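Okay, so chain A shows up in both of these, paired with chain B first and chain C after.
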Partner chain A sequence: MKSITMSQRRRRETAIAATVFLAPALLVIAIFVLYPIVQSFVTSGYEWNGYSSNKVFIGLGNWVELMKDKTFWYAFRNNLVVMVLSIVIQMPIGLALATFLDRVGKKGNICKVIWFIPMLMSSVAIGYLFRYALDANTGFVSAISQLFGGGKVDLLGNPDTVLYTVIIIIAWQFIPFYMVYYMAGYSSLPMDIHEAALVDGATESQYFWRISLPLLKPSIKSAIVLSMVGSLKYFDLVYVMTSGGPSHASELMATYMYTNAFSSYRMGYASAIAAGMFILISVIAIVTMRLLNRKED
Partner chain B sequence: MERRTISRFLKRTAACTLALAMLLLAGCAGNTGNSGGDGDSSGKTKLTLWHIQTGTAADIIKDAAARFNADHPEYEVEVVDKVNDTYKSDLSMAINANTMPDIFITWGGQTMYDYVDEGLLYDLTDLMNADGYADTFVDAGIAQCSYNGRIYSVPVENISVAGIFYNKDVFDQYGLEEPSTIAELEALCDTLVANGVAPFALANATQWTGSMYFQYLATRYGGLEPFADAAAGTGTFENDAFVYAGEKIQEWVEKGYFCEGFNGMDDDAGQARMLFYSGDAAMDLMGSWFVGTIAGENQQFLDDGKLGFFPFPTLETSDADPSLCLGTIGDNLYAVSASSKAPEAAFEMIQYLLDDEAQVERKAQSKIIPLKNFTSDDPVITEILDAVNGAAGIQLWYDQYLPAEVAEVHKQTSQEIFGLTMSPEEANAQLQAAMESYLAKNS
Partner chain C sequence: MAGAKKGFKPSQIIVAVLVVFWFLVCLVPFFFMLMCTLKEQFELLTNGVFSLPERLYLNNYVEIFTGTIWRYLANSAIVLVVTLVILLMFSAFAAYPLSRWKFRMNKPVYSLIIACMSVPIHVTLLPIFMMTVNLGMYDSIWALIGPYVAFNLPISVFILTTFMAGVPKDMEEAAEIDGCGKYGIFWRIMLPLAKPGLATLVIYDGVNIWNEFSFALTLTQTAANRTLPLAVQEFQGQYTMNIPMIMTVLFISILPMIVVFIFGQDKLIKGMMAGAVKG
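Moving on to the complex of A and B:
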C-alpha cells in the first residue's frame, strides 16, 4: 500500500474518535430504547399477566382486539385533541412571553423567574394542586361561580369538560418551557439585524412579523414537533388528576396502556397498545417533519 | 441587550451527562432464590414466612417468630418482608420455581381457591379444629378462609368491613336517627337534600369507593350467591341483584344523594373527607380503617365525639340475610404451603402471631383482631365489632375476589353507572362479558 496521505489519516482518526465517543451513547440507547421497543412488539403476541410462567402465544390476537377496541381509538382521538390544542394554546403564548422578555431585557427578569415556576414543579404536585383548586365543592372556580350567584362547577367529574380542563393545566405547565425555548431562539438572532431594521425605519411590530418571526422559524418548527410527540405520549398529569376517567372521558393512549398493564395485569395487551402508540406516533411525527421541511424549500 | 449562547452550554452538559450515565451502567447483581423447608448445617429445620406488613406492624411478626424460635430450638423461622405491590408476582414466581415459602399470606377469594385447586395449600382443617381453636375466631373470618368446607388459612391481621360513618352534629341538627332499612335511609337522605346538605361524601375518581355501594346493594338484594355464582361462571352479572344495585345508584344520583362532582374527586387526596369533616356532607360509606384515617388527620373530630357508625341498612322486601357484611375478616390470611417440610410446626408459628403477647401488641396498634373475645374501648370500633360478630357471612370486596382484569372492568363500569354514562344493563353485560372472557382463557 501507498503511504497514507494526511487527509486519509485525519479521516481515519476522526472515524475512530467518533466511534469511541458514540459507542457509550449507542449502548445506552440500545439497552434502554431499542431493546424495550422490540420487546414490546414481541410481548404483544402473548396473552400474559406480566408475572406468571403461563405465557400463551396468541399471534395477532391482541392486535385484532386493539383494532376493534373503541376505548383505544377514543383515547387516540383524545391524544389528537390534546396535540392540536397544545400547539394552538402553548405556541403563541410561549412566543408572546419570550418576545416580551426579549424586548424588555433585564427589567423583565422578575417576570421571567415567576413565569418559569410551573416548569420547576413536578407533575404530581401540579396534579394535586389543581385537584384541590378545581374541587367542585371547595375549589376556587366553584367559589367564584357561587359568589356571582351561580351553582357549583364540576370540571373534573364531568365527562364533557374534563379533557379541556386538563389541557389548560397542561398548557399552564408547558408554556414556560416554550417560553425559554423561544428565548434561546431569540438569543441566537444577531443584534445588528434589529438595529439595522430600526435604522431603516421599521416599527417594532414590523420587525417582529417580517424579521424575527421568519428567523425563528426553525425554532418554531422543532417546538411544534416536540409538542406533538409530547402530547401523543402524554401521561403523568392526566394519570395523577383523572386516571383517564370519568368514563374514559380523559383517557389517553398512555393511561390506557398503564391501566391494562398494572391494574388489569394484561401485559400482552398493554404491550400491543404501547407498540401501537409507537407506530402511530412515529407516522405522525415523520409526516409532520416532512411537511414542515417541504414548506421551507 | 443581553444575549447568551445557550447551545454551547447545552453541549457540554450533554457530554457530562453521558459520562455519568455510563458509570451508572456498572454491574448487575445476581440473586439466588431461597428454598424454604431445607434443613441447614445445625440440624434445624428452616421455615420461611412471607408477610407484607410494614413498620411497627412488621415488628409484631418478628417478635412472634423470635418467641417461636426460642420455644422450638429444632426449628428456625425466617421472616421475609415482602412489598405489597409486587407480592403477587413474587409468589407466582416462587410457585413456578417450586420454592414456595412455608407460611405466606393470601387475600382469599378466587386466588386462594385457585391455589387449593392446584394443590398448593396444606389443609388446616384438623389443626384448626383441634382444641376448638377455630371457634375462637369470628365465624365470618373462618368462612372466608374456607373452601368446599375445608379450612386453608388463618385470619390474622385486621377486620376491615364497610359501613356507613356519619357526622353526629349533622344528624343532631336535623333530628335524624340511624336508619335500619333502605327506605328509612332514603327518607333521611331526602331530609338532608331538602336542607342543602349532601347526604353522602363520595370521591369516586378512586372507583372502589363508589363500587362499595354497588356491592352492598347487590348483597342486600340477593345475598352472597349471585356474586359467588357469577364469579364462578355458574351464574351471571346480569342477575336481578346487580340490576337492582345499578338502578338504585342511578336513582340516588338523580336525587342528589351524593356530593357535587364526586366522579372527579380523589379519595386518596381526602376530597370526600373534607366535606365530611365540615358537615357539608353527612355520611360516608367506607371501610373500618376510616377510624384510623380520621385519627391520623383529624383527631379533634373523634375527641369531640362527632363520629357515628351504623351498618349498611337492610332491604325490607328481600329475604337475603340482612346481617351480611362487606369487607374482609383478617385482611391477610396466613396459609401453609403443601410443600412445607413441617406443616404442623408452620401452623404453630401462625398461632404465635395471635398469642397473648401478639394480641397486646396488635391492640396497641389499633388493629381489630378477628377473634371473638376481642373488645375495644372505642365506641365506634365496638359498633363495628357488633356488626361483624352478628354477621352470618362476609362478602369479600369484589376487587379482591375477582381476577384483576375483571375487577378493573367492575370498577370502571360502576363509575360509569354513577356518572349516568351507562345503564345498569349495559354495565352488567360488559362485566359479564369480561368474566366470560377470563373464564374462557383460564379453563
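Moving on to the complex of A and C:
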C-alpha cells in the first residue's frame, strides 16, 4: 500500500518537474511557431494593407484569387524546377566528391577544406557576390566570354537564363553540404567492407555500384527530402540576387509573398500565399516520405 | 592524389582533372571577391576582372572600418550572445527531462518539437512581423531574439537530447541517493556533463544566427538597428557601383565564419549532420 502511494507520488513529482523544465521551450514554440501558423490562416481571410485599422473580412476571397493567380502558380512551378534540378545536380556531385574523399582518406584533407568553402558563406553573401560576379560589365563570366571573342553576357538580366543561373548558384552553395552529408554516410558503413570486397575480387566501380551505393540508400533518401523541402521554401539568395525578376522569371513562392506583403502592402493576400505555401510544402514532403519509405519494404 | 603514382591510368587522369576543376569552381568566385577588395573602384573597370591589383591597396578596408560597420557588428554580436544564452538554457531545460525521465507526455512533446524543424520560417514571417509591430518592438534588435530562439530551438533540443541520452546514469543515481533533488541534479551534474553538446550548439546555432537574413530584414528598418547580413544592402545604396567596396563588406562579413571553421570545423559539421538526420 505504502509503496504504491510512494510510486504515485514520485510519478507526480516527475510530471511536475518535467512541466517546469519543458515550459520555456514550449512557450517559445507556441508563441513564435504554432500561433503564427494559425495566424497566417486567419489573416488570409482579410483584405488588409498591414497597418491601417481598415481590415475587411472577405472570407475565402484571397484563396479564390490565389487559385486563379497565374504568377503564384508560375512561382510554384519555378520552385518545382529548382527542386528537381537541385536534386539532379547536387546529389550526384555531392556523392562523387564524398566518394573521392572517402577513398583517398587523410590525403584528401586539403580538398575537403577547399571544397567546403562555399558553405562558409551566408546565402546573402553568396547572392551579392554572384550578382556582381555575373554582372554584364564587370563580372567574370562576361570577361571569360569576351576572352573567347564572345559578347557580353547578362545571365541574371535575361528571363530565359535567370532561373537556371540561380539554380546553378544554389548548387554551388549546397553541394558542400551534401558532400559532408554523404561523407558521414560513408563513415557509418562497416569499417572493413571496402577491403573485404577488394579481397573478394571486386573492382572499385563494382564496389561503388553494388555495395556502397545500396548501403548509402538511407542517406540518399533523407538527403533528397531535405533538398526538396529546402528548395520549396527558398528565399534569401533569390531575394538578394533578383528579387524574383526580371518580370517574375525567377519568382519563388516566398519572394512573391514578400513582395505582396511589403511592396504591394497586401498583408491578407500575402498571408494566403504563406498559408498556401505551408499546405503545398507539407503535402509534398509527406507524400515523398511515404513513397520513399514504401519502396524499402 | 589519385594519379600520383607512376604509370597513369586514363581513369586516374580524368579523376585528377575533375578534382582540379572542382578546386577552381569553389575558389574562383572567392578569389574574385578577395581580389576586388584590394582594388580601386576604377581599376576594376579599366584593367578587367582577372588582373591582379596594381599595388597593395587597403583603402577599402580602412574606409569600411572607419564607417558604420561597427554598429552592425555590435548589433550582430549582441543579438548573437543574448540569443545563444537563452537558447542554450531553454534547450538544456527541455532536453533533460526528454532524455532522462519516463512520463506520459514525453513522446508527444518530443515529436512536436522535432516536427517544428520542418516548418518554413516564411509561413511565420508576416504574423511575427505584425506581432512585433503590435508590441511596439518593430525596428529594434530585441525583436529578433524571440524568433531566433524559437527557430533554433527544435534542432538544439534534438542535438542535446541525443547527447544527454548517451551520458551514463551512475552519477545521477549516486546523487539521488545522496539526497540531491531533480533540480540540483540538473545544475550540478547534467549541465556540466553536457558541455560538449552545448559547444556543438554554440558553433552550429551561432553560425545560423550570425547569418540570418529574413527576420532581420523584416523586423528592423533603420541602419542603427540592423545586423551584419543587412550591412551589404545598406552599403550598396551608399556606394552604388563601387564594387570593390561592396566586396570588402562581404569579405568582412564572412571573416568570422572562416575563423569559426578553422577552430570549430568538427563541431560545425557535427551540427550540420544532426540537422540533416532528423528524418
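The criterion applied here is as follows: the second predicted complex is superposed on the first by the 268 of 297 C-alpha atoms of A that agree within 3 Å, B and C clash if a C-alpha of one lies under 4 Å from a C-alpha of the other, contacts with A are read in each partner's own complex, and residues count from 1 in each chain.
Here is the rule we go by: a residue touches a chain if its C-beta (ideal position, glycine included) is under 8 Å from a C-beta of that chain, and two chains touch if they have at least 3 such contacts.
For clarity, every value in this text was computed on a predicted model and none was experimentally measured.
Enquirer: What is the contact status of A:Lys107 with respect to chain B (first) and chain C (second): first, second, both, or neither?
Expert: A:Lys107 contacts chain C only, not chain B.
Enquirer: A:Leu215 in the overlay: touching chain B, chain C, both, or neither? Say first, second, both or neither.
Expert: In the superposed model, A:Leu215 contacts neither chain B nor chain C.
Enquirer: After superposition on the shared chain, which partner residues are touched by A:Ser263: those of chain B (first), chain C (second), both, or neither?
Expert: In the superposition, A:Ser263 contacts chain B only.
Enquirer: Considering only the touch criterion stated at the top, classify A:Pro24 as touching first (chain B), second (chain C), both, or neither.
Expert: In the superposition, A:Pro24 touches chain B and chain C alike.
Enquirer: Which holds for A:Ala202: it touches chain B only (first), chain C only (second), both, or neither?
Expert: After superposition on chain A, A:Ala202 lies in contact with neither partner.
Enquirer: Let me test your reading of the model: by the given contact rule, A:Ile284 touches which partner, first (chain B), second (chain C), both or neither?
Expert: neither
Enquirer: Contacts for A:Leu80 in the overlay, against chain B (first) and chain C (second): which applies, first, second, both or neither?
Expert: In the superposition, A:Leu80 touches no partner, neither chain B nor chain C.
Enquirer: Report the partner of chain A that touches more of its residues: chain B or chain C.
Expert: Comparing touch counts on chain A for chain B and chain C gives C.
Enquirer: In the superposed arrangement, which partner chain does A:Gly157 touch: chain B (first), chain C (second), both, or neither?
Expert: Touch partner of A:Gly157: chain B, not chain C.
Enquirer: Between chain B (first) and chain C (second), which, if any, makes contact with A:Tyr35: first, second, both or neither?
Expert: So A:Tyr35 only meets chain C here.
Enquirer: Shared contact residues on chain A, chain B side and chain C side combined as an intersection?
Expert: In chain A, positions 24-25, 28, 31, 50-51, 128, 132, 135, 137-138, 184 sit in both the chain B and chain C interfaces.
Enquirer: Spell out the residues on chain C that touch chain A in their complex, using ranges where they run on.
Expert: These residues of chain C touch chain A: 1-2, 15, 18-19, 22-23, 25-30, 32-33, 36, 44-45, 48-50, 89-91, 93-94, 96-98, 101-106, 109, 112-113, 116, 118-131, 133, 146-147, 149-151, 153-154, 157, 182-183, 186, 210-211, 213-214, 218, 229, 232-233, 236, 243, 246-247, 250, 253-254, 257-258, 261, 269, 272-273, 276-277, 279.
Enquirer: Spell out the residues on chain B that touch chain A in their complex, using ranges where they run on.
Expert: On the chain B side, the touching residues are 1-7, 18-19, 21-22, 25, 88-89, 92-93, 96, 204-205, 207, 259-266, 269, 271, 274-275, 280, 404-405, 408-409, 412, 415-416, 419, 421-422, 441.
Enquirer: Contact residues on chain A for chain B in the complex?
Expert: Those in contact with chain B are residues 24-25, 27-28, 31, 47, 49-53, 102, 105-106, 128, 131-132, 134-138, 142, 152, 154-159, 162, 184, 187-188, 191, 242-243, 245-248, 259, 263-266.
Enquirer: Write out the stretch or stretches of chain A touching chain C in their complex.
Expert: Touch list, chain A to chain C: 11, 13-15, 17-18, 21-22, 24-26, 28-29, 31-33, 35-37, 39-40, 43, 50-51, 96-97, 100, 103-104, 107-108, 111, 114-118, 120-125, 128-130, 132-133, 135, 137-140, 143, 172, 176-177, 180-181, 184, 222-223, 225-226, 229, 232-233, 235-236, 240, 254, 257-258, 261-262, 267, 270-271, 274-275, 277-278, 281, 285.
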